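Two complexes are shown next, each including chain A; its partner changes from chain B in the first to chain C in the second.
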Partner chain A sequence: MSVSANTTGTKVVKTTVLLIGALLLFAPFLFQDTRALEVAARICIFIVLVASYDLLIGYTGIVSFAHIMFFGFGAYGGAIALKQMGPGWDAVVVGALAGVAVSLVVAVAIGLLSLRVKAIFFAMITLAAASVALVLASQLSNFTGGEDGITYRAPSIFKTATKLMVDDDGKVMRIFGVKMNGKLAAYYFVFITSFVLFFAMVRLVGSPLGTVLKAIRENEARAEAIGYRVVSYRTFVFCIAALVASLSGTIYAIWLKYTGPDTVLSFSIMIDILLMVVIGGMGTMWGAVIGAVLMVIAQYYLRDLMGVAAEATANLPLLPHLLDPDRWLFWLGIIFILLVYFFPKGIAGTIMAKGEKS
Partner chain B sequence: MSILSLKAMKTDIGQYAVLHDVTLEVPQGGVFVLLGRNGAGKTTTLRSIMGLWKPSAGSVIFRGQDISEMHTAEIARLGISFVPEDMGIFGGLTVEENLILATAKGQFDNARLARIYELFPALETFWTKQAWSLSGGQKQMLSVARAIIEPRELILVDEPTKGLAPAIIDAMADAFREIAQTTTILLVEQNFEFAKSLGRDMAVIDDGRIAHSGSMADFAADKPLQDRLLSLSA
Partner chain C sequence: METITKIVTRFGGVSLLPVAVALLAFVLIGAPSSWVTLTIAGLAMGMMIFLMASGLSLVFGLMDVMNFGHSAFISFGAFIAASVLAGLSGWLGSDLIILNIAALFLAFAAAILFGMAAGWFFEAVIIKPVYKDHLRQILITMGALIVAEQMILALWGGAPMTVHRPQFLEGSFLIGDITIEVYRAFAFMLGLAVYVALYLTLNRTRIGLLIRAGVENREMVEALGFRIDRLFVGVFMLGSALAAMGGAIWAGYETLITPALGGEMMIVVFIVVIIGGLGSIEGTLLGAIMVGLMANYVGYLAPKLALTSNMILMMVILLWRPNGLKPAVK
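Moving on, here comes the complex of A and B:
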């Protein structure tokens, strides 16, 4: 059973998401270091990527391992276009459209051929497709740069040296200590595009189509019996999710100015996406925000935190060894198990169910 | 004139032949009752008409069109709705969402909605509640309401009284009587009193074959035939 729309828990989750949104909006002013900005941008992009995966797994019950492939198509589309055509907006548009086109063609092919089969076989087919994409990205080095990937320049407005605003001396202006330069423009490009994509998905799941998707997730045969072609709807959602993942890949490529198999096609990223959806809460959309924030912050700061904890407990037996920063993945695993235990429907899902009347 | 004809319909489920030779004419209008013992093939007949299990032979003719090869969703869009034995509601959705799913354009016809509120006042009361939280009777009301939220030609109803309280059964009978004034109902039922009160025509299925068909009035008057075909006491 899903959660009610107006529980106290729902209000808590929405308020938390609003707060996260506000923190991300003012991130360059609140956290004035390069690494924090990197984390904030990555969170924005992963919120979109994870929410698009939630469309599949959470709203339609489709388990796919090919989501990272669509992210990669978008990233490589942007990267190859920027490399070949130079750092202009025309290259960004061409790259994004190329990534979307390839993603849609592959998604339609996989969807129509495979969504009729049982979930486990579909998952295996998507796993195979993603593996092929990863191998191709490594092998087609003339296009993709192979294992080394591609380094390129983003549009000039995103160069760190670009002055968005200048003071009387012709130097880059600072507002609240933050330089009004291309890096800031790049961050707000990431933030705004991610915001638009995320809210487009929120609108989608709140629309009549979203209700149909929830019905399909709950019982395919019942949905068929009231007139819905389940394969068509599932293929459509698979395509929408692929489209959004592809666009988020292009945004990531523009932000990173580097695209390689490890950064946009690796299965470890696919696992991260899966964990973010599960931790946040499937079928909620808001869970994508919470899951992405927690996982990205843990990936970037858990090691630092453990280093501090190890130093603080240096005089104690055993504990400094357990808290060694190199063991951060172990602790991340422990945290994940605890989260699944205490929040069986994910953080957002469990909290939103609070106050629900039976 | 028949709205639905089943001609030598056979249905296999896995390696088991469940329906061997079902030939049936369902006339337009009123309630047609399909009776039979447990396991005789009543539910399989309804599911085969709906395309949820594909007939392996024979044909299903709806308004002169063979629908036996059609997809379930297409059959539903032709104007046939199905109220399954397990009610088939979506527990995670609200009453409103359950009903709006069954509308053609994603919006309600106010007149039909008002009629549904009249038939089943509980649905208006629990409009925004999630369907899993409804009682068994309310779930059945929702399931029937979903079948009539749009104009339908034929409604297939599978054992609607199962597990319901007598008061709810009476309300359900009243609702079916009113619905049958404008729509044909093919009702599968084990509760013979309920079936007798509603049915104009009837058939008995036994071991995947139609064993008897005729008017309900004649069948209700023939106690030995009832005992032989149904092993039921009316």
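Moving on, here comes the complex of A and C:
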């Protein structure tokens, strides 16, 4: 299922991704309201998270439900460090490193313990592990803040009140009407770190290692027979994915200035990631970008649309309940099932396969 | 050492594990009366979990299909039974025990019928197109789980729902200074009855023989001219019905159910199936009893550890036996 580099479809997908990248780069200037900036930052972070999940599910064929756990480790690492040590870059570094360390230890343990067994076993074990992490986070309340989570301050450069540039009157300078304040710095911090992580992953799957991973996905026995240690490779990629997820968790924690079980550990986020990767297209990396963009936008704006639809059908039985804005996952679930049936390669994969024959 | 191993094997091998756990707990707890109460609670819980998990395990063993949406049947069973009981609350309140039993029977029947119908639908529409493709199976059944959970939220709303128990299952009886809740005893007996029925069906009937043969070697059975896919639909429906029934009993046990119930039980069910070893009813029962006992003992001895006890149990058992205690699938 290798997709040759120069199909028209590939060009379309890459152009789209490039366009999304450009939109994200200039997001603060293009969409000047706080909600849009929130959406853009969330998209950046989820692109990284989903791409790292794609390393597992798309490139290596590992189905893990513990990905959100590593994201949570990173987020809680950053949150606890920022809370205990006060806002500062040292806290960010310590938190990120602590999150990564915990993630790696847990990933190695899970990987060595259970990557030998069947994919289904692994999926079930990771699901159990993730649920334990969620329970622990809400139980160890003097450490993690329990259900309420932790609120803290980010490094001072990211404060909305911080002036990055001042004009002649000593006020915050505006460029194209955008205030040069800490919020902007925070967004670009998110954007740049996400971009670096994503780019690193794109390089990784293009390397010889990426080829080995695909070989394992396609035919495990043959890869083993050629001489690759399948368990080592799987454990390695599981650790890499955990590491990236953990780092993106820390970035999210810095952006949000709040960390709680619902925002970084809940199972619904895991489902979001799964939906994003499948909708976007497994095993393409670009699919992660498309899936994350579509899903996050749907999360923020589809609900408004559904609210209107629910009101319009208010007189019919059951339908308004299903069209309720809170039921948006219902429709996404149906779309998801249909996609897995008819377009298992997802949006990016399907488009990229276009024009392959010519 | 070897003689000890032989003796242990002769008396049941790994099946003795729950007994060992119970004995250890007896020493640690000290007070016999609370030990008995906890053990009975654990056994009852184990039996309910067994009902929910057995279908999943059988389906996997027979057709190599893992249904991540299994917990949807549990939630639906719980909510349907609760709704029927709520609708028949007049019968429940009456003094006539016949009406009580009738209401309970109707509630369970509704849950089981739904489980069978939904199981058939699930098998035919959701799972059939993705046989032998584990990745897509996991994804599709997960998608179905999302849809099912959303439907529960749309139909019953997100608020917790009180479950009305029949009058004769309320309260508890005393033997010496040991209190036994009636409902626990009831759940235990029901689970035991289902286990015995399943065991007899699998080991004493022709259908059971075919199922076991199918678990062992599917192609061979098909080559002999049996339509194993039809058999599989039956097993799937049975498994779903059992899950719905387990959910219904669980609803009565908890008396307050929320839509999150399915998700919570799914983790436990998975742990049980992994511990027991996929594909075998005995293994599932063993795993379920272990989890039930551990949950109650640990909850009493070290409440802080209670939430992670299942996970630790699973880790330990997987380290010892990577395929579970009594796997039927090689």
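Definition applied: the second predicted complex is superposed on the first by the 316 of 358 C-alpha atoms of A that agree within 3 Å, B and C clash if a C-alpha of one lies under 4 Å from a C-alpha of the other, contacts with A are read in each partner's own complex, and residues count from 1 in each chain.
Note that in this section a contact is a pair of C-beta atoms (placed from the backbone, for glycine too) under 8 Å apart; a residue touches a chain by one contact, two chains touch by 3 or more.
Here the structure is a predicted model, which means the values were calculated and not measured.
Judged by the touch definition given at the top, the superposed model places A:Leu274 against chain C, while chain B stays out of reach. Judged by the touch definition given at the top, the superposed model places A:Ala129 against chain C, while chain B stays out of reach. Contacts of A:Asn219 after superposition on the shared chain: chain B is touched, whereas chain C is not. In the superposed three-chain model, the partner touching more residues of chain A is C, compared with the other of chain B and chain C.
When the two structures are aligned on the shared chain, A:Leu329 is found in touch with chain C, with no touch to chain B.
Of all residues in chain A, only 1-2, 4, 208, 211-212, 214-215, 218-219, 221-230, 357-358 touch chain B in the complex they form.
By the touch criterion given at the top, residues 60, 66, 68, 126, 129-130, 134-136, 138-140, 142-144, 146-147, 150-151, 153-155, 263, 266-267, 270-271, 273-274, 304, 307-308, 310-311, 314-315, 318-319, 322-323 of chain C touch chain A in their complex.
Those residues of chain B that touch chain A in the shared complex are 50, 52, 71-73, 76-77, 81-82, 84, 88-93, 97, 100-102, 106, 130, 132-133, 146.
Within the complex formed with chain C, the chain A residues making contact are 57, 61, 63, 113-114, 116-121, 123-125, 127-129, 131-132, 135-136, 139, 267, 271, 274, 278, 318, 321-322, 324, 326-327, 329-330, 332-334, 336-337, 340-341, 344.
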